[in-house]
Amino acid sequence: MSILIRNISKRFGDFVALDDVSLEVDGGSLTALLGPSGSGKSTLLRIIAGLEIPDSGEIVLSGRDATALAPQKRNVGFVFQHYAPFKHMTVRENVAFGLKVRKRPKAEIAQRVEELLNLVQLQGFGHRYPAQLSGGQRQRMALARALAPEPQVLLLDEPFGALDARVRAELREWLMHLHDVVNVTTVFVTHDREEAMEVSDQIAVMNRGALEQVGAPRALYDEPATDFVMRFVGDANEVAGVLVRPHDLDLLPEPADDALEAMIVKATFLGRDVKVDLHGSDGSEVIAVLTRDRYEALGLWRGQTVWIRPERDRAFA
Amino acid sequence: MVIVGLPLAALMWKATSDGTQSFWDAATSPEAIAALKLTLATAVLVALLNAVLGTVTAWVLVRDNFHGKAVVNAIIDLPFALPTIVAGLTILALYGPRSPVGIDVTYTRTAIVLAMMFVTLPFVVRTVQPVLEELEVEVEEAARSLGAGPLTTFRRVIFPNIFPGILSGMALAFAKAVGEFGALVIITGNLPFKTEVASVYIFSRIESGDSTAAAAVAVELLLISFAALLSIGAIRHLATRHERA
Amino acid sequence: MHSARLDRLGLRFLALAYLAVILVGPLAIVFWRTFEHGLAPAWNALSQPDTIHAFKLTLIITAIAVPVNTVFGIVCALAIVRRSFPGKGLLNAFIDLPLALSPVVVGLSLFLLYGRQGWFGGWLDDHGIQVLFALPAMVIATIFVSLPFVAREVVPTLREIGDEQEQAAYTLGAGGWQTFWRITLPSIRWAVIYGVILTTARCLGEYGAVAVVSGRLQGQTETATLRVQERYESYDFAGAYAISIVLATLAILVLVALTVLRPKEGTS
């Protein structure tokens, strides 16, 4: 159930998709590959699945070297961004496909399909065709289909990318719940940091074909290893050459050491917090977020000049 | 590859195997030249007629509405499905010796044109239709609302869009007409210098055992087709400049 | 607008007149002439042994050519859309070539290849294999001219579908062949059917190429289309018309099938 990625490199023509990437995924965990477009995350996922062959490096699945193994033999479930449904088959036939191909007895197939349809809450939809399902339903079908042959690894390529925000949020919850129940090693690709933070046990942040940092969501947020991770995993300001989170900025009514003079341009009430837009004397635009209590305690107003300073132990230099 | 490439290669070889002089003689014999001229002239005429009538037909099929339109739309494809020899026979039935309307075009050049029109009927219609369908009515309406009369709208808005389609259809029609055999073999009487087209001439040379002459003229026919297709392609390329970034 | 309505009627009239003069009129006359004197003459004409043989021959050739071209078309389409290899553009062009060639030229090139003085002629002669003026040449000629249709229909459909479904099948454990049968083929089935119908129509109707390579020996190497011409030139007009009617009816059936299938083929 574990995945070992060792020194994987891959180019497409002149384009370097992956540059010496190594990663360990523990059995049973939920890992996110997070990064912008072109970072190589989908390529890496496909290499794990066997849909692409790396130029160099190894993939070890549960202790076995799977680098040159065909996708058919790897026993990985793959869920595509656009679901790749078998359009000419019903939902039931789609889900049963992996089992049919392995020549399992009919009764076993029927039972497993029912089980899965219940799991993904598509019971009663078995006879429908993919075209008759909504986007969210199609994705659940794709998941059921991938899980049917009991894969040792489940891979999802931007699984919720093609869905609208509300459905995306629902399915996110649902994926986490599913993972608790089925407990198969899961790796999914996303460019949405909230999604990665909310769903996964560990996040691997990728940029331009290389791994920037791997760790639990909190570790990435609190202790980013690079500039890129800091900016990608949360909001960040650059104040006096140092990256600071909006929450970690101190607003002082009087000048202080290492503090930047800035003018309050706008204050927006966001429920419990207040977002303050500031224009720094060095020309920079800074965003600070304070709790409402703090904001009111400071008695700040628009147009006021304040001095901003990172809370010392929270900055990243 | 084997099926298509080899025979053509053999053709080329045979055409030139007896030497250039013999090729030239065969290629420029008076009968051959007459046949080629006739073929070229009629095919060009037919392509132009198709351009006009085919466009009109496509227009009516897309923009007009009347009972039985679906049937008419389906009939257009008939020349694709009908054997060419039968096409020739049907033209003959209406416009031949026992014509019920008293028109007899057998052994005339008109017969050639009629038969070619029959077999090339669908081409321009089918290449223009999808373009017209895609061209939203709203584009025309916008032009009208800006003050353009129907003729101007056609000339400046519609025509530039369907022009490439017309050209493609013409190219296909030309290629088919130039090589047409079955539809012409009965109806034209194949009179040398009068109603003998290139394909029939080639056939007669084969039957007489003069395969070199046949090959020579076949090569010429191929060259003509090739040249025509290239030029139409070039015009098309120029006409669609605006569609490329 | 009054003038707009006249314009439209005028155009409609022009189009319909065009179709009537060139297409419908002549066809109607053929039907009329065939049955002018009742069913009997037509039936007699069709029951002549040589005519029956001609139909049989046409059917045999079609029965061979269509499956061959179907397999070939699907294989080529898969190669063109899913793989890259040197000479791919050439393959694409070659597939379209038969459409642009005159049937007589096709026949001639085959003649030159398999005839006694042709490239293969000597070898074939030595081994007592007759290709020209016999069934093999006619089949080859028919295959040549009806080559493109299945491939041309399948290629755009394959392109549009993309290969994600196939990738999904691989990850689910399906091998290459299984994937092809269960996933790829069903997803292109309408395009294939449409292409098969077009190929069949072409095979049934082929004249020029087969005329050159067959030698047109009555009762032996005459197809239905060749027979039409033979009957006409023997002044057996009833016979010629009767055979034509059968072929025309087949063509109309093909048209109906195409019309019915076209929306399915388009959406797939």
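Just so it is clear, A, B and C label the chains in written order, and each chain counts residues from 1 on its own.
To be clear about the criterion, contacts are C-beta pairs under 8 Å (C-beta built on N, C-alpha and C of every residue); 3 or more make two chains touch, one makes a residue touch a chain.
Note that the structure is a prediction, hence the values are computed from the model and not measured.
*Asks:* Taking the mean of each chain's Cα atoms, which chain ends up nearest the overall Cα mean?
*Replies:* C
*Asks:* Where centres are the averaged C-alpha coordinates, which chain has the largest centre distance to subunit C?
*Replies:* If we average the C-alpha coordinates per chain, A ends up farthest from subunit C.
*Asks:* Could you work out how far the Cα centre of subunit A sits from that of subunit C, in whole Å?
*Replies:* 54
*Asks:* Would you kindly tell me how far, in whole Å, the mean C-alpha position of subunit C lies from that of subunit B?
*Replies:* 18
*Asks:* Can you check how far apart subunit A and subunit B are, centre to centre, with Cα atoms defining each centre and the answer in Å?
*Replies:* 59
*Asks:* Can you list the subunit B residues touching subunit C in their complex?
*Replies:* 1, 3-8, 10-11, 13-14, 53, 56-57, 59-61, 63-64, 66, 70, 72-86, 89-95, 98, 100, 114, 117-118, 121, 150, 175, 178-182, 185-186, 198-200, 202-203, 206, 211, 214-215, 218, 221-222, 225, 229
*Asks:* What residues of subunit A sit close enough to touch subunit C in their complex?
*Replies:* That would be residues 49-51, 70-72, 74-78, 80, 82, 84-88, 97-98, 101-102, 142, 145-146, 148-149 of subunit A.
*Asks:* Which stretch or stretches of subunit C touch subunit B in the complex?
*Replies:* Subunit C residues touching subunit B: 4, 7-8, 11-12, 14-16, 18-19, 22-27, 29-30, 33, 91, 94-95, 97-113, 115, 118-119, 140, 143-144, 147, 198, 201, 204-208, 211-212, 224-226, 228-229, 232-233, 240-241, 244, 247-248, 251-252, 254-256, 258-259.
*Asks:* Under the touch definition given earlier, write down the residues of subunit C that touch subunit A in their complex.
*Replies:* Interface residues on subunit C, with respect to subunit A: 164-165, 167-175, 178, 182-183, 186-187, 189.
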